[in-house]
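The next block holds one structure in the form of structure tokens; read it before the comments.
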Amino acid sequence: MSLASRLRSGETLLSAWSALPEPLTIEAVARTAFDAVTLDMQHGGHDEQSVLYGLGLILALGKPPVVRIPVGRFDMASRALDFGAEAVIAPMINSVEDAERFAAAMKYPPVGERSWGPFRSNAGYGERGSNDYLTNANRETLAFAMIETRAAFEALDGILGVRGIDGVFVGPGDFSIAWSNGRESNPASDALVEPLTEIARKASAVGKLAGIYAPNPDFARRYNPLGYRFITVSHDTSYIQLGAKALVDAIKA
Amino acid sequence: MSLASRLRSGETLLSAWSALPEPLTIEAVARTAFDAVTLDMQHGGHDEQSVLYGLGLILALGKPPVVRIPVGRFDMASRALDFGAEAVIAPMINSVEDAERFAAAMKYPPVGERSWGPFRSNAGYGERGSNDYLTNANRETLAFAMIETRAAFEALDGILGVRGIDGVFVGPGDFSIAWSNGRESNPASDALVEPLTEIARKASAVGKLAGIYAPNPDFARRYNPLGYRFITVSHDTSYIQLGAKALVDAIKA
Amino acid sequence: MSLASRLRSGETLLSAWSALPEPLTIEAVARTAFDAVTLDMQHGGHDEQSVLYGLGLILALGKPPVVRIPVGRFDMASRALDFGAEAVIAPMINSVEDAERFAAAMKYPPVGERSWGPFRSNAGYGERGSNDYLTNANRETLAFAMIETRAAFEALDGILGVRGIDGVFVGPGDFSIAWSNGRESNPASDALVEPLTEIARKASAVGKLAGIYAPNPDFARRYNPLGYRFITVSHDTSYIQLGAKALVDAIKA
Amino acid sequence: MSLASRLRSGETLLSAWSALPEPLTIEAVARTAFDAVTLDMQHGGHDEQSVLYGLGLILALGKPPVVRIPVGRFDMASRALDFGAEAVIAPMINSVEDAERFAAAMKYPPVGERSWGPFRSNAGYGERGSNDYLTNANRETLAFAMIETRAAFEALDGILGVRGIDGVFVGPGDFSIAWSNGRESNPASDALVEPLTEIARKASAVGKLAGIYAPNPDFARRYNPLGYRFITVSHDTSYIQLGAKALVDAIKA
Amino acid sequence: MSLASRLRSGETLLSAWSALPEPLTIEAVARTAFDAVTLDMQHGGHDEQSVLYGLGLILALGKPPVVRIPVGRFDMASRALDFGAEAVIAPMINSVEDAERFAAAMKYPPVGERSWGPFRSNAGYGERGSNDYLTNANRETLAFAMIETRAAFEALDGILGVRGIDGVFVGPGDFSIAWSNGRESNPASDALVEPLTEIARKASAVGKLAGIYAPNPDFARRYNPLGYRFITVSHDTSYIQLGAKALVDAIKA
Amino acid sequence: MSLASRLRSGETLLSAWSALPEPLTIEAVARTAFDAVTLDMQHGGHDEQSVLYGLGLILALGKPPVVRIPVGRFDMASRALDFGAEAVIAPMINSVEDAERFAAAMKYPPVGERSWGPFRSNAGYGERGSNDYLTNANRETLAFAMIETRAAFEALDGILGVRGIDGVFVGPGDFSIAWSNGRESNPASDALVEPLTEIARKASAVGKLAGIYAPNPDFARRYNPLGYRFITVSHDTSYIQLGAKALVDAIKA
């Protein structure tokens, strides 16, 4: 079952967050307890090559791969889908126009302007067949618009109304910077609870999905009940740190 | 003789289509019976690095290299030329404004705004000398605007009129999706013959070139006589499949 | 079913031959009509890295991967197994001592001296579970000793008698050079039929396997009935050449 | 002391220019007599991967790294800072609007719209701590706007007035093409002295920095006294050529 | 202070174990709580390139790097030192002759036959100066001979007596296979305690070091008091698994 | 004309020395004033992959490529020839037996045991045709045995007498360590003049070639008149250092 189907059916999915753009490490991350893997091209180290190689490995393991593109790189949104991504997260979607450009890159005509070309996702390279790809892709691959500024929050109704936008994804670090007028990056701030509750509520009201980046488990537990069901958790370097520390501590204990 | 000169003299050139972004494989593709090699950054796996390494290998073999850039990545059009490309294909040129932005990235002043910098194409790194590069580059490197939507078809006269656009290149997959309003990707559709005939006719009328992607030999044979003389054929993964199948079939026969 | 089981049950298997050490190309080769993929580290371009990445991709596609190591590099025979190879081909096994050193690297104690370490093949990284790996690996992974010199031919009985050697693999190019005392490399020579018939017959007589490199389909058809059931065919660069030529010829026809 | 602090204190810094996107070579360049290293993504061969790896190596050696992004790739300006760059040079800043977009990508709110994410520069990966990164980054990392066209020269006052633009950087090759209306690329032209003097003077007048690319030592010595204090010199391929030639000449002398 | 000095002074050092041959991941592993990093070329995925790049990154972080070479690859022992390793672990040193060949590759004349060449370790590339490298290297870099078979156990006194061998390193997986005559790989077996106690005792008696691979913390705690002071712990893929699982469990708790 | 022919005709050739295993840098080194390029796998950073890619680039530029293999890695001697090397330098050839093993890997039967396989050197991949490769390779590719210990010096007559050894190559660093019994690495020592004179004289007396590594121009000028005609000079990192320093000094002068 696709990531899209699972999220639409109400399942909560925890995704690993991959910043290290190296294939065997991506494979190791994909073998962990997480339900999905998100490759980060905005703040993480991923580029076209690491996404191309990494998506193949994640798909081979039967986990849904997701890609976060750099700001405004909608050319890469289409490429991520060609390479096999089941969802794309676009940062800094601050206006209806931003959302429309993102949706155009993500959806085939007549919904959008995504271009057709034979590669992994629609040519049998990945885990899925290609025969019905044109018919199904618009429904089975997800466009997540990041809401992480005041402008985005104010344009939220419009953004949610754009055809081809399947959900919103909150970046709490940037949101906290915006909400504090640049004073702090503090995802745990109580001041965020109200606006983030509002975002999930509005998405749900129009039948769209809500996702969020969780820097730690407490954060995930706080926001999951509010309607955030696609939750990315911490990042790969941190997994390595935590695992190594647990072993060293156990030896020195 | 440059690719530009050969095409302008009326020669038909068949180009290999490279989607696998790996140097020795690019070299192997460049050693086949094709006249040129096109590296695909839109739907294929190529990125800056594979284009940089690949163009060097193709040039060393004396074949003209061509690059298709991702949608809207005109920064990469200039870089492809710096790396040694003899032609650049830009997808989704749907308006005169798109064509003007593409031409600006492809041509030195006063025609366009291409920036000057010492690298392979103009510093003796490639197959050609650099002394006269500023003088000759605008004429000897080609800008192909892809015509693959209804909007592009309607804006065709304007696009062909943009100074610095040397020719058009048809993407029959996307064109067929557009022509069927999203119902099918079918380059072989008879419905395409009329508009594609018109495109080649108009290009020729203003002294510009016409190219096309051919998914198979029949398609190439159908559209070559209509005026399409730069024809890219199938893709590298398919060459591997076909060659392997021929051997296996011969053994099992 | 493992490659070992299929070959022991009498099945003939045709293997692709990969010389280009590049992951996506290996994946493309693994998707062809061949039953298996052999990565060549002796004359081909493969190294530790390409074998490590390539085996993972081939295993993910459900095809058995095979590795030919460089001359005398028995350290790599063990590593190829750790990386997931189902068989290893060792070139230039010209004496019983060579065969014993090869077998020692291929088999766990008490048969040989293969070292144990957690990686892909025995840690759930590949397609197979790891619980019973120590118990099963000696039987389910194959050591092919190459017979390709006069010395090897003369030592054949002894080589076949080494515990841990599962079969022989003929290199007809080197064999023809040896048979002609350095005058020619000519696998098609009729002079080879008799000794190669003898090799397959002797292997079969002691219940071991026979494989051979076939430069072309005729060669494969000639030697398969003589008992050679693991047949590697031509090489990847040639697949690309053949596929491209077929397309160009069809267009120019 | 940061690059920003040193330049603001009036120090002249000579930077190596790296076009070869290969890690050990970048490390070798970083060990030369230059004060800093600039990685070129516009005309040089650098891409996301080489910048990511290269900046880590340069930082480990205690030299300030600088990145020139491709034209209009402001997504990459933010990424370069995340990867650890102390300054970013943006080519072809030809209008106030270009400068504002560049500044937005370079500076955190409320000055700009740079997005926050944990990676090298603000997560302890580089040479500097991360605690105060949000507070200090806007001041301690530099945005250099390239002035290299007539349009840029005419918009200079406006560009220098954009908050978040820390300095200008002159590209004398393009500037000479623009000044000659496309007739020549000639950084040594005397016709450039007057406008380039004016640029440094205006930058200084508003307390901003001036940098320039020097194709050779004479050029550097000519423009340094005019106020250009961040000077990039020739390029890495040329260092190799010069060093090799000196040795060969000494042997043949 | 060098790894050699610290171990000789009686300090216990815990080393991370790196099997993933990818630079940024190596860097992440080097930033964990471990005291050192060991790159595994025998069962792990490391090759010349990953060791070359990885050692540079580990040295830059001020941690001592160690390399385990493949079986019998003494050419690589010398190269690892050239690349900056502070210790090399050689697997399957089963005889005095094996130990002598290993020592020869590790030590400069007159002790051994290590060849001199300018690269990272003795040319200022790494963290240490090069002036006195010839004088100090034999003392400051360590040769660890792996004891992991019955033959090695029986030859232990002779191996420890080889000039240039600085210590022994136990591989408990292989040792348990040997001790059980191929029946099981079980490092936790009580049957190993006596022989492993003996190994550490004998090493200490002649003033040499003892190290061991610990698959888990309990194992490390068991063998450290017996005299094993260089202890490598689990492996990088496991760190990722453990860290990810801790986060997922905390969210689902 | 091949490297072999030029050296045999008495020409002196200066070769660049490449330690940085990165393709574009190798290409840049190959474009310098040197006559040839030697890739170093013993003390330099080269591995199978960098040699494979590098030789292709050097051949494409029309310069003869040479490879120095690691100690005892005769499998790699054969592979270097397959990849296109015109000469191979083997370090630490200290006995007639070492020389015989090296020659066996370098020469086809009946002279040696080099194995035949289709790749670059004999399959039209490189600059030279393949038709006559078996006939010509033994004569047109060169085996250089390194003389760099007292043992080698004493075995010199025997080594020079081995069929298939085309010349000797002196490593003055190791030779000086050996000559000083481990006290110093000092190629400039006057104590070396007599033995090195003897080596060149003996090689010449039996019609074989003499080469040497020259750390600087003075050394090259000293030993060239003694009969050393294949001279490798300094190394690539040094070229970068020298070139950069010349520019910085010229600016600061």
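The chains carry the letters A, B, C, D, E and F, assigned in the order they are written, with residues numbered from 1 in each.
In the analysis below, contacts are C-beta pairs under 8 Å (C-beta built on N, C-alpha and C of every residue); 3 or more make two chains touch, one makes a residue touch a chain.
A quick map from chain label to UniProt name: A, B, C, D, E, F = 2,4-dihydroxyhept-2-ene-1,7-dioic acid aldolase.
Since the structure is predicted, the reported quantities are computational estimates derived from the model, not experimental observations.
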### Task
Report which interface contains more C-beta contacts, comparing C-E against B-C.
B-C
### Summary
Chain-centre distance (mean CA atoms) for chain C and chain D, in whole Å, is 53
### Query
So, what's the distance in Å between the C-alpha centres of chain C and chain A?
43
### Message
Could you work out how far the Cα centre of chain D sits from that of chain F, in whole Å?
### Response
40
### Message
Taking the mean of the C-alpha atoms as each chain's centre, how many Å separate chain A from chain D?
### Response
33
### Task
Enumerate the residues of chain D that touch no fewer than two other chains.
21, 23-24, 31, 45, 47-49, 52, 237
### Summary
Full set of chain pairs in contact is A-B, A-C, A-D, A-E, B-C, B-D, B-F, C-E, C-F, D-E, D-F, E-F
### Query
In their shared complex, at which residues does chain E touch chain F?
47-49, 52, 74-76, 78-79, 82-83, 105, 108-111, 113, 115-119, 123, 134
### Query
Can you name the residues of chain A that touch chain D in the complex?
19, 21, 40, 42-45, 47-50, 70-73, 91-92, 148-149, 171, 173-174, 177-178, 181-182, 184-185, 235, 237
### Task
Show which residues of chain B lie in contact with chain C when the two form their complex.
14, 16, 20-25, 28-29, 31-34, 45, 214, 216-217, 220-221, 224, 231, 233-234, 236-251, 253
### Task
Spell out the residues on chain E that touch chain D in their complex, using ranges where they run on.
23-24, 27, 31, 52-53, 56-57, 60-61, 124-125
